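Each of the next two complexes has subunit A plus one other chain: subunit B in the first, subunit C in the second.
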Partner chain A sequence: MLMATADSILGVPTPCAPPGNGLLILLAAMTPEQLERVFASLTASFPKEELLIAAPDAIADALPADSYPSLRIVTAPASNSAWTLTAADFVSAYQLAEKHEARAILMLGSASGSLGSSALRELANAVLDPTDLALPCYELPPHAGLINSAILYPLTRALFASRVRFPLAVDLGLSLRMAKRMADAAQRFTAINQGQTPLWPVNEASVAGFAIDQFDVNPSVQPTAPELNTILPLLIGPLFSDIKAKAAFWQRFRPLPPARNTMPMPLAPTADTAADIAPMLSAFRLAYTNLHEIWSLVLPPNSLLMLKRLAATDAAAFRISDSLWARIVYDFLLAYRLRTINRGHLLGALIPLYLAWVASHFNIIASGSDPEGHIEAVAAAFEAEKIYMLSRWRWPDRFNP
Partner chain B sequence: MQNVLAVLLQLDPNQSSRPWFAGNASIWGNMADALHQSLDRVLLLLIAILPGILAFLVALAVFTLIGMALSALLRRGLAAVKLDERLADGRGNSNWTPSTSPTVLIARVSFWGSILLGLIIGVSAFDASYATATTLPSSLLPYLTRVVGAAALLIVGTLSARFLARSVLIGAVNEQLQYARFLSLGIKWLVLVLTAAMVLEHLQIGGNIVGLAFGILFGGIVLTLALAVGLGSRDLVSRSLESHAEHSSESSATPSTTSSDDSIRHF
Partner chain C sequence: MKKPASATDPLWYKDAIIYELHVRAFADSNGDGIGDFPGLLARLDYLQDLGVTCIWLLPFFPSPLRDDGYDISNYVDVHPSYGTLNDFKSFLDAAHQRNMQVMIEMVINHTSDQHPWFKAARHALPGSAAREMYVWSNTDHLYKDVRIIFTDTEKSNWTWDDTAKAYYWHRFFSYQPDLNFDNPLVMEEVLRAMRFWLDMGVDALRIDAIPYLVERDGTSCENLPETHRVVKTIRAAIDADYANRLILAEANQWPVDVRPYFGDGDECQMAFHFPLMPRIYMALRQEDRLPITDIMAQTPAIPANCQWGLFLRNHDELTLEMVTADERDYMYIAYSNDPRMRVNVGIRRRLAPLVDNNRSRIELLISLLLSFPGTPILYYGDEIGMGDNIYLGDRNSVRTPMQWNSDRNAGFSKCDPARLYLPVVMDPIYGYQAINVEAQLSDQSSLLHWNRNMIALRKLFQVFGRGTQQFLNPENRKILAYLRDLDRGDGSHETVLCVANLSRFAQPVSLDLADHNGAEPVEMLGYVPFPTITEAPYVLTLAPYSFLWLELQPPSGKPA
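Moving on to the complex of A and B:
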């Protein structure tokens, strides 16, 4: 299903281009079972097309020779990460596309077999036609994709004027020129042996003025990611760096594209997935006791006062206001830029605050609010507080905590 | 008898005019001589040092001026070739990249490098002119270098202690250890004590006593930490362990009804 495109320059559904024609499909490392599902999904999506698939050696060797005669497998370098696309992936994707004269690239993660054949076809069709970046809009349970909901999506929306709900999707489609741009951006990292760094396709496409599209998909399986203490610095550090590098772009106000007609429908929480916020709140309170000195280097007194009140609030009434959360993230972004403290320490000090936001989010969901509605409200607060961010970015010396 | 009296009563005009303390005149003379000699020695020393001091000051002033000129020249040159923009394009996501712009950094390095060079040349000139005068430089100048080395050790040690203390504090808080601050303080003081011992050792103060005292103090801190965790904070530790065990047992015993972190997917 092609959704109403928020960022597409066309604004109308594109006609179906012949799938498999000039399309390179790049697969991440996956188990044989996952590979079977992906191949089944691909052959169902493009039944009459010969597909060019680039896969790591281990996957290519695991494929039975005559099981899928319509698939032509070429070897690709193994990915550095199983849970996100890295700089090295984008470089190898563009090199393979050039080598095989592909017109577009479909990059699929380890759980892409659960996306469904129609989703794969939509992503492929979009990038074979003038759309430059096609992203999935995952329909996830309310307790999933929380870093995306708390930080990645609101920041991308506020600063890059894009409504892409999952800016760091592991499955995506790229036109050739978008792949080239991503490869150029990625080479800065691979050249200094940081090929495992995540890249931000939405930010690149926004700066380049490329067409972006997103499609609703409903994955039944989600890839496993590292634990929070590892993943948050791994994601937020590169995002802050990218925002810092593109400051000249986002400091100008740009109109946000109109909202989509339909919002992603999160799967209803079941009884066994009701979240216990007690560990998160205890982590936040412990951090308030111990990390107050570090937070006071980053956050203004007003935010600290509100955090003090939150630390004394009962679990049932625990709520972080959207504007406070937006300001906290912006203050950490600014401290990252100014190197107020060591960047590793800074991102580590953000973790308890993020957990407090998650606890607050769960409380709001438990009170009957729509999860997606709350996430949209958070994103709107990030937009509203952008002025605060801009003033502090341009004149950081006006405020010295 | 008369002869004896005559001898006793004989008055010698020279003898009668001599003061009774005439024997002490040589003491004053010796003291004056000693003072004069000392003053001469000090003056000679100063005369020997003065060219060295002047050479030191001139070398420092000249190289400071050279550094300022070089720094200004580099700033203008690098700004003209837009080095900052070029490097910003190629800079990755390193945690150790400097916060200031590369142009400013290069200019500062060149300035302080020139001053350092001036210092080295000045000290060498001072050493050359001074070494001929006395035996002092053989002990003073090496000791000055030791003082500089000790100061560098102290700075590095203090910064390391602060960095490690923060790292441990944030890591322990994120692991939800109740004694995070205690752990952080322990690490900080261990590093500071180690630094102090290294500095004293470098300055050759105290000799073996420092090593011995450091061993006792370091061992004492470790023992104190062990005792504090084992005895003094036993309730704290047991509560922490119990809560940890409760969480794990709850999640393993009733996986369908509890809401452990397993049900939450952050990414």
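Moving on to the complex of A and C:
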């Protein structure tokens, strides 16, 4: 049995020794194999240091005794989400950090064992001093992480002036004050039993003026997320709500930090991973007919006209322009804020449009273009169209071009 | 006995404010639920107060009324629902006493299939004069590629007649057979009908569907040289016997194809500028002046004694025939998200609903209507912002009873509401309780008062009806700016700078007015002096949907 410091069930407080380097590492639920990898990475990252690990009970019991003598394991509540960090996770993280007098927290997901020891070290060092929020820049296959590429990253970049490529990373580092800020933000949700709501650390850090940094990590496989019809509303709804809550901040233009010198190159698509866009286009075309009435409540005539033309476009030539996509996302954001229609229906109506974007993105990749280059172009389009969104946010009037 | 012209100026139509109305929709005097001439006569003071100088009456002739009177069965009488010939004469005289001219419809392209001419033609021998009053064929292959106009209801321009054992040609509904202008008898009858009304004192004739008068195989059967010969003949006949009359061409065509209907000043004096109208709405929605300036650039010069007829809405659908396919798609999406709002190739909505009942937009569009080169034509009810009823069939959505007050039937009629020719608009936004003349007369801030004031202002300056137009092209395309100029003939000019903000947000604009260096702009609505023009760019800021009319007065010699 590993050394474990557990709370006494008799309520007698047990003195908690602060971690030697001030770092608390909070692990998500993971399989024994995943845990082995994480522990191996951690011990390689911090060879001479004793690490304080907070993990669900099941993990604590799963490892053989004395495998990792430098790791001190404490119990942490298990997260109900394997693919994203939730409000409840941030509350737990801060409570644990306070309890153990940690100065910084590293929150690691189930696949974090693949991040690499140097990446873990960089994340940890960053939040120990002077960064408040450290995030990994994952190297993913070009067909992976597309909701992030299409919506989360461009929106966060345009509105919060942050170049963090993966704003909803499941692995990240937090300074203590950042952890407190996240916990405070999370309380609004945990207090009304919505602890599974994803939160947006990059947005919070930007508004607070905290330091943010990101670090390249090894190629990794992300946790399996729910299917699209579930995940898109689960992510986009909370993001839109967060943007709405922080409207006073992003009304003003702020300069972007300089682009990073290194960007991860996506793994090349292989023949067996080449995407079949036919089902996506079929879904889009069907939605053009069936959802046109809902889209016409959200999108202006110019966008509807362009979608009409796209619906008639051959698969090989199918391209959504970056500016059109940016405007579509912005218009859905506006409709979400104004409750133009039921929010569930609204976000459902976005799915076929997202699929159209994905099909377009795949066509661009297939033509030989650099996938990351296209995503950067999309992000730039979101920045350029911010004025479009600002004017409609400040004066919602459906009589517009 | 011929009555002399009521207008003394041969070019009276250039300064006119035309008001289009349907007798049946305006005012009912006898409680049968249908408007009539005595009712209209009783409302002439209202029109005079508004500033109207010419009333355009939609067809009031005997008719089976399957196309709202455009299917005529007798050209020289009044439908009994609207009154008698004497009622019409009384109305005509009353209008003239108020210095108002009257324009009536001449639907000469076709008649009702209940017209005695057609009834006779069906039975007449092929080739006979009676038969040849209309266009017949043994097959439906003649003129085979000619487009269908009423696409919602007609599948062919030919219909088989079992009595005549032949097909007859109709560019519109199948119960509206086309007259055959290749038959001299047709022209005789048409001129006889025109003289009937002109003798009575009618001031103007609107020639309905003028492009389609003559057919030739292998052509589009529109705008043919033979058609223009017909028009010239009509004009010559009218000019020979009547002074100061007007022929207005209804030719829904591209400007270059409408131009010939003016001839060399020897065809129609006026023609509607159809293509401009949808582009005004497009420019407003897109917040870009380009649709307007583009079509005006394509508008050819017309003879000095001729005039464009400008309008925002009329009794028909907002036609989208003279726009590109992309523009049509845009207009459908932008202005008729409910398919019920569409009919044929157009949108059957009134002015106010088209612009979401936004007062600023309505005022902006009317400011363009009143300041663009041409004669403005107002559609009844738009001066108070009447709404429409898209649940009524065909184009009846925009032909509902005039809303006079908040009493029963909107004050249009005292009859049982079920008896009305069409129900009054009664929704919470445009319903007669909210939108009516009586309420707006007592509200100094109403749209009605605004329209009255703007019309009065326009009538003070001949430049609007008779002057030239020169567009300025500021960098900001949300601004539409143009100069209207009239050479008074005594060396002086009347010059007005019109600036309109097509955007829903405030806009800055910098205008190059160096050619008018030294001129002193005076804002016309309130006589407010603006800074003197210099050679430097003239900077203005315009509120959302606002417009400025600035008279450029000559330097007064006052110190700056």
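As a convention for this text, the second predicted complex is superposed on the first by the 376 of 401 C-alpha atoms of A that agree within 3 Å, B and C clash if a C-alpha of one lies under 4 Å from a C-alpha of the other, contacts with A are read in each partner's own complex, and residues count from 1 in each chain.
As a working rule, contacts are C-beta pairs under 8 Å (C-beta built on N, C-alpha and C of every residue); 3 or more make two chains touch, one makes a residue touch a chain.
Quick caveat, the model's predicted, so the values are computed rather than measured.
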In the superposed arrangement, does A:352 touch subunit B (first), subunit C (second), both or neither? first
First, second, both or neither for A:377, with subunit B first and subunit C second: neither
Quick one: is A:241 in contact with subunit B, with subunit C, with both, or with neither? Answer first, second, both or neither. first
Just subunit B (first), just subunit C (second), both, or neither: which does A:301 touch? second
Which partner, subunit B or subunit C, touches the larger number of subunit A residues? B
Examine A:391 and indicate which partner it touches, taking first as subunit B and second as subunit C; both and neither are also allowed. second
Indicate the residue numbers of subunit A shared between its subunit B interface and its subunit C interface, in ascending order. none
Of all residues in subunit A, which touch subunit C in the complex? 293, 296, 301-302, 304-305, 308, 391, 395, 397-401
Per the contact definition, I'd like the list of subunit C residues that touch subunit A in the complex. 285-288, 326, 329-330, 333-334, 337, 355-356, 358, 361, 504-505
Contacting residues of subunit A [partner subunit B, same complex]: 83-84, 140-141, 143-148, 188-189, 191-192, 194, 197, 222, 225, 228-229, 231-232, 235, 237-238, 241, 245, 271-276, 279, 282-283, 286-287, 289-291, 294, 338-339, 341-345, 348-349, 351-352, 358
Given the complex with subunit A, which residues does subunit B contribute to the contact? 88-95, 99, 163, 166-167, 169-176, 178, 180-181, 184, 247, 255-261, 263-267
